[in-house]
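Working notes, beginning with the structure itself.
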């Protein structure tokens, strides 16, 4: 049973049909990658799924429930969490405070109007920061974190929302090889019940992590299948050949 | 790394402290005794301290200047003494609204410890400071604020007035228009605020009592209207034979000029309360004001010996002829002088008592008048704007007789 | 009054300010409170009244800072809620009772009501567009006060408001009124500090820094903004009730554009987001306007304008109050 | 009734000349210029000082253009250091400048309200729809229409116009194309300010010149921009003409409610279309 299902999803900007009639189904626990040459509509599709952008047609289902009309906030509360391509965080806060802000929203308790220590929230924040490799940097102001560290913080932030579906928009963009390796390790280590859908350019990462792939081209789904099928498909090579370098696709 | 905001905050604290020192330095205690400080020296002789609270900034600044001149002229002519008290005047800026007016009155009462407060243009300030005066048992002589409540519904023994009430001025015009052929149709308009409503009510009451019919009314937004065409067109289409209106300051200028521009001046004569063409608005209105008739308790063209002397000495000293605001404050000094001749002490009750007994003020530039309910019962004059050797004046056409404050 | 606002980590590691700064702020706060409480003994009545006006304006500026500094919502119409509270407190004091808690509760209630009735228009907007909408709302409510003569007394204002009565005895002189305003003001200030340092306050700061990100974390930000607008309206209404207790008069000018812009100036001078900074800013504004103004023959606003321009330049981190002040490695 | 509709146009066009400068500067650089009203008042005082003959009137217009350019350039320069900071800082800066400008004008020109005579030949009235109507206001309709056309053509047809529209759409992209958008911003600020001071001179014979007029006019311009939508010339024009009609005809039909007509119209638009009739979702929850 697919935990995330898009049916006939489309969105256009004036004459340009950025995304047209995309069907997408992601099984529970899947590690699904969304790839395609530049301008294929990956980011637009991502925004339609997360609700940042309103779809012109089609529907999005989360665990069987139609969320097309719901706001980002409601979708998040229903278990869909996201990281943004350009890390966008809270300039006046520290790493710990940022994650705590998300954790307190999904800690089950009410957001209180009175100052009070929230030990459970604090613990969870520290634990998540350690998971993403930011232990020891809890009290650093976000402004003085490195780019890689900010991307790691984004992941911790998304996980703090106790997601069932985790949506990552180019999580590895701008990361150093070491940070990239750590990210792969982290995503691979995620509990099985969390489904991951991620948009990514770095095909090494895609084929290292994904157990299913959808290739987008000019706003349409070119092919959905296992990494092997995608690597073998001429149509995909055609799409990339026209757009990218040959040797990148044929990695050993 | 020293964070910039810390140094900025230290700078801020320093600046704040430096600014506050001069203000709060005045020592003394504000916990002892009820209300303001103890009354200053009493009995005959000695000095009387007067707080002259008039606008020195904002829209009413010109009125404030006229008032201060009227006050200083009277003191100059009478050796600066009330009875045998030498007068010490402390001037404070009333500003435009009670936000500045009330603190000014508080300052003269509480920190300058004056015996009498004189002045106030804004009615809201006059009404707003009533409790200050009653609690400190000090006298206030209002030299302009025309709200009826000051000496009517909200009268207090400590507030007397030497100016007018809004309704008093317009009531005289109501009677006059009813008797002079405009019975079957007058259009009445005034800005949408307290004074405007009072003026129209005063006018309508006496106009309808005289058998007149108001064929239309309008309430332009106060302080925000600069285009009166919609109301002027309404006047033309209401079939009114004459228009009665009340505007002051920049609105009086704009209304009278547009009244002429839209051609109503030649077809429907314009009548108004005196402030429509009083003081510095008249020269700005120019020829558009010619022929406009208003009622007011004063005009610098009044033909009586007291006014002749007053206008002559005022123009000689200040190069401008006096307005009703100057005359009202000139009279305030006059009545205080009469009161302090007989008052036993300088506290509010004794001066108020003495004021009640001064009888007719026969040497006033506006003509003889008496206090009736702590505000003047005085002659209202019909005035018409004419050009006398090049300058526009409010020529006196007719004396409409004595009029007290309509309650 | 001057507990330095150090936002506690919402349940995160122990408060960011190390133990010693927390004690230091405690001492400063107590010291200032003692000095303020003793003021009437040392000051002449007029100076005490000026200080009372400073306290009223400070509470109003703090309520505005909850919007501008903590939530990043710059309002130029907040004086409308001060006015709503003042008129309500004044009306109830004249027609019902002037007994202590009643005018305060009615004032805060009507401030909140006015904010609730008008706030929903602005929650969809943010930044400078929010500024414009609140300016329009402020002007509309002031016009209402100017013309609804039967209740508000119109342009003449609501006058003859009886002095506040505490357990039956009216507060007659400047000293008692001052203490009353100080006491209620401190409570109001503490309430705002409490909200600012609560988990709810942390969410507000998140909205200030990055509202879209907060939506992505599951916060329906419009509802939070609406809630904080109503809360700030209530505290502004409370300040309105104190205004009535102090000057026993309310006029449309009290809720006009000038009051709203001076309050915004006070918040910006104090460093938006630092609640006690807003109090210092308020003191500066009132002293320049009321005490030094007359000596500049009524052109106090010129000095305020210049200070405003300087402060906007001097601010290291902008009026949105992005406070990055932890000096960590 | 017809004369009210006609007068509605004259007020509408004057409002357009006043509001379009505010709308473009705000639409383009997201700088809400709260000193716009002070620029108008400066123009009005120039008109008042030089009122009298045609020489005076044209001289005032010339001076207004100079003051507008200087004022606009100065404001653009002053907001430059704040470029990296939030738009709120720039709006607050202009609020400070507005306070200072209003006081300086009060010190220089005094507190008395001044009336401004229309230039000779336009100072009388003419019969329109059987009622006499001041000729000056007819001229205002003409001048306003010409200015509207001119601004529309400059923005829609010229290279500078294209640059302005491009910067409104995406300022970073324009700077990538090698255009120093500081110059474009200064140019637009200057044009907006010249429009404001010119509107002041043109409005003189109708509105006169008095302290406090800057706040009244700023509110009017904001209402036009909010209703007409931000950053669009078409929005400012339609918004201004609508406000002109609503304000004038409204006061003619409901004279006793005239204080509320303008605000009622504003509230209606805010409820139905928060981003204004023609504005894109600039300020509201739209993607920025």
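Labels for the chains are A, B, C and D, by order of writing; each one numbers its residues from 1.
Here, contacts are C-beta pairs under 8 Å (C-beta built on N, C-alpha and C of every residue); 3 or more make two chains touch, one makes a residue touch a chain.
Worth saying up front: this structure is predicted, and the values here are computed from it rather than measured.
> I need the common contact partners of subunit A and subunit D, sorted by label.
Expected: C.
> Which one chain sits nearest the middle, judging by mean Cα positions?
So the chain sitting closest to the middle is C.
> Hey, which chain ends up farthest from subunit A, C-alpha centres compared?
Computed centres place B farthest from subunit A.
> CA centre of subunit C versus CA centre of subunit D: separation in Å?
Centre separation, subunit C to subunit D: 33 Å.
> Measuring from the mean C-alpha position of subunit A to the mean C-alpha position of subunit B, what distance in angstrom results?
Subunit A and subunit B have C-alpha centres separated by 73 Å.
> Let me have the rounded angstrom distance from the C-alpha centre of subunit A over to the C-alpha centre of subunit C, please.
42
> Can you give the whole-Å distance between the Cα centres of subunit B and subunit D?
Those two chain centres are 36 Å apart.
> Touching two or more other chains, which residues of subunit C qualify?
143, 146-147, 299, 315, 323
> Using the touch definition from the top, which residues of subunit D touch two or more other chains?
Within subunit D, residues 106, 259 contact more than one other chain.
> Give me the residues of subunit B that touch two or more other chains.
Where subunit B meets two or more other chains at a single residue, that happens at 57-58, 61, 192, 221-222.
> Between which chains is there touch?
Every pair of chains meeting the touch criterion: A-C, B-C, B-D, C-D.
> Where on subunit C is subunit A touching in the complex?
Per the stated touch rule, the residues are 7-13, 16, 194-195, 197-203, 205-206, 208-210, 212-221, 321-324, 326, 328-329.
> Applying the document's contact rule, which stretches of subunit C touch subunit B when the two form their complex?
Going by the criterion above, the answer is residues 39-51, 53, 143, 146-147, 149, 153-157, 159-161, 163, 172-176, 178, 247-249, 251, 253-254, 258-259, 269-271, 274, 277, 280-281, 283-284, 287-288, 290-294, 297-299, 314-317, 323, 325, 327.
> Taking the complex as given, what residues does subunit A use to touch subunit C?
Within the complex, subunit A contacts subunit C at residues 50, 52, 71-74, 76-77, 81-82, 84, 88-94, 96-97, 100-106, 111-122, 125-126, 138-141, 143-144, 157, 160-161.
> Can you name the residues of subunit D that touch subunit B in the complex?
1, 3-4, 7, 11, 106, 110-115, 117, 125, 131-134, 136, 206-208, 210-213, 216, 247-252, 255-256, 258-259
> Under the definition above, what is the set of subunit D residues touching subunit C in their complex?
Against subunit C, the touching part of subunit D is residues 26, 30, 32, 78, 81-82, 85-89, 91-93, 95-100, 102-104, 106-107, 215, 219, 222-223, 225-226, 230, 259-260, 263, 266-267, 270-271, 274, 282-285.
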